[in-house]
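Labels run A, B and C following the written order; every chain starts at residue 1.
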Amino acid sequence: MPNNISKSAIIKEGVIIGENVTIEDNVYIDYGCIIRDNVHIKKGSFIGARSILGEYLVDFYNDRINKKHPLIIGENALIRTENVIYGDTIIGDNFQTGHKVTIRENTKIGNNVKIGTLSDIQHHVYIGNYVNIHSNVFVGEKSIIKDFVWLFPHVVLTNDPTPPSNELLGVTIELFAVIAARSVVLPGIHINEDALVGAGAVVTKDVPKETVVVGNPAREICSIRKIKNKITGEQVYPWRYTFKRGMPWEETDYDTWIKNISIEN
Amino acid sequence: MPNNISKSAIIKEGVIIGENVTIEDNVYIDYGCIIRDNVHIKKGSFIGARSILGEYLVDFYNDRINKKHPLIIGENALIRTENVIYGDTIIGDNFQTGHKVTIRENTKIGNNVKIGTLSDIQHHVYIGNYVNIHSNVFVGEKSIIKDFVWLFPHVVLTNDPTPPSNELLGVTIELFAVIAARSVVLPGIHINEDALVGAGAVVTKDVPKETVVVGNPAREICSIRKIKNKITGEQVYPWRYTFKRGMPWEETDYDTWIKNISIEN
Amino acid sequence: MPNNISKSAIIKEGVIIGENVTIEDNVYIDYGCIIRDNVHIKKGSFIGARSILGEYLVDFYNDRINKKHPLIIGENALIRTENVIYGDTIIGDNFQTGHKVTIRENTKIGNNVKIGTLSDIQHHVYIGNYVNIHSNVFVGEKSIIKDFVWLFPHVVLTNDPTPPSNELLGVTIELFAVIAARSVVLPGIHINEDALVGAGAVVTKDVPKETVVVGNPAREICSIRKIKNKITGEQVYPWRYTFKRGMPWEETDYDTWIKNISIEN
């Protein structure tokens, strides 16, 4: 298949482009990117310097022939420098990353997702919409991360209950849950809606809805509703009533937004 | 503004240089670096292969026009490969980094600072002089790190007491304090002079001067003055009396150096 | 010395090759790699885009003259993108890495070793055969990692008992030991054969043979022989009897393999 590259796309010096590549209107590809075969970049996206899109899966290395593993990047992405994103992955609209992010194959990422510098998203991962993943998070194979989840720096999601083994159990994180910095979640754990995992925790048991856990091993300490803002003294959680930046209710509030969504559908 | 590039500078193949760039005498820029606009590299500095200096701030991405955000790198820097350093940042003399370090905007770094491979220094950070940051440390926005501090591999400095929120409280680390590997420090914590945080700690309370803390949550275990060298049995801390490498008292001792400094001033 | 590059080697666009470089038959060097002086890549190896091989040691930076520090990479390596591997290091056959791995000087790596994305292997490290190191592991100077060891994501091996100091004590990990995700091992610790360190542990004492430790500080909880597979209920450890993928007993079983090895020798 020939390439299909919009005339309004800006492609800077030193970019290498493979075959069967589609680059839509107003895409900007900065210096030295490698766009391998079967990559589709939708309109308005920015690809940072030296990012590698459509990276080879392991089946390349035997005969050094690239098989067909399409990568789709949605509209208006802002991918910073030196990301590596494999083929056979689909990424929604308004995706944003920091530097040097790795995303492997057979992973599906929704709309309005942000992933920070150095984070490493393994294969066969599901990430919903409006998920925020900060710097240097490790998301193991088979993780399921639902809408509006936050993972803070250096969080690790594991998957092997008896390492090394072939029977992986991914972590599942439900809507609005927050995992603070440098926590590790053990294989197969279910973190329920609006749960809050404190920094540095080692989560060895499922975390109930709206529950705060801390420590190694993590233990329940209270309901999220008991946590007060250190300055104002006001109730903080569920955070969707106190935090708006980047959220679909940014221009209004959560209740108004959810009511309008319900009416629309 | 035109560029001002010294004739004694060595610029290797594939380097891209923007506008209003100053490169002083005996600077060496290795293969494939990207020097964006408004970067000033002072004399004798080495910039490792494929580093990106003066990286775009977020205001670039709306209209894809680079605004004026100067980056200054002091004399005799040794920046290894694939660093990304944003504009609006000032770095002092004798700066050294490992590979793939990220340093964001509005950060100020003093003289004689070392930052290890993969470390990620966020925006609005202050780092003093003679600070040593090892591999893969995360320094969150609003952190203040004073002179002679050591952060060992995988340390994480957080800043959001009720994540996600807009009210960030940075960590402050005072003179001579040492944070051992893979510790995490919670938002707004103050680690006082000569404190020692043991490996893997989760620091949830301020650490008093000359105090050792360990554990999750970290608890005080003794004065730093009680720690003996495992081989010689001698008192180790305050470390400025037992360690000299790379320090301004390397040729003499701490007491002589501090006395001379006082006389000079 | 002139270069010695096989006619069957594939060298893609933008590769830079220094002096005294040997590239054997069927080596593939992807876009933009930097192969510095005195590198020897054995037959069948694949070098991922923009990797840097034979990276400068610190003695380069004084006079900017590269001294002789050979790097040898064994047969059939699969090195993914943006690795940095220093001179004065020897790597055996069938080496595999993820992206953005760093390996420093005076390190020796055996055959059939795998190292994951972002891992940082410091200098003066010994890694045996069939060692598996996952993503973003930090292996400190003077670590000794024997055959068939597994290190899972974000493990940190430290080396300085009284930081900062000049008297480093590396960690030693014996045959078949497994260290789960995000654990940190303190300086000089000896982890014995078939030991299992649970996720998020802080290992402050030697771990006896076939022992499970968890927690901060890590404490012994049971023999590895008591751990059952969560699904089948069968005994899992020692894992060499239940796991074969990538191991030399993959086509048979451990007992048959070890018996044949003994007969052959």
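By definition in this document, a contact is a pair of C-beta atoms (placed from the backbone, for glycine too) under 8 Å apart; a residue touches a chain by one contact, two chains touch by 3 or more.
The model shown is predicted, which means the values in this text are computed figures rather than measured ones.
> To bring subunit A onto subunit C by a C-alpha fit, how many degrees must it turn, rounded to the nearest 5?
120
> Residue numbers at the subunit A-subunit B interface: does the shared fraction exceed half, giving same, or fall under half, giving different?
different
> Averaging over Cα atoms per chain, report the distance between subunit A and subunit B in Å.
The computed centroid separation for subunit A versus subunit B comes out at 28 Å.
> Which residues of subunit B are in contact with two or more other chains?
Each of 14, 32, 50, 82, 100, 118, 136, 154, 182, 216 in subunit B touches at least two other chains.
> Going by the contact rule set out above, which residues of subunit A touch subunit C in the complex?
Residues 14, 16, 32, 34, 50, 52, 55, 61, 64, 82, 84, 100, 102, 118, 120, 136, 138, 140, 154, 156, 158, 160-167, 169, 182, 184, 186, 188, 202, 216-217 of subunit A touch subunit C in their complex.
> Please name which positions on subunit A make contact with subunit B in the complex.
So the residues of subunit A in touch with subunit B come to 10, 13-14, 28, 31-32, 46, 49-50, 78, 81-82, 98-100, 117-118, 132, 135-136, 150, 152-154, 178, 180-182, 199-200, 214-216, 227, 229-231, 236-237, 239, 242-243, 245.
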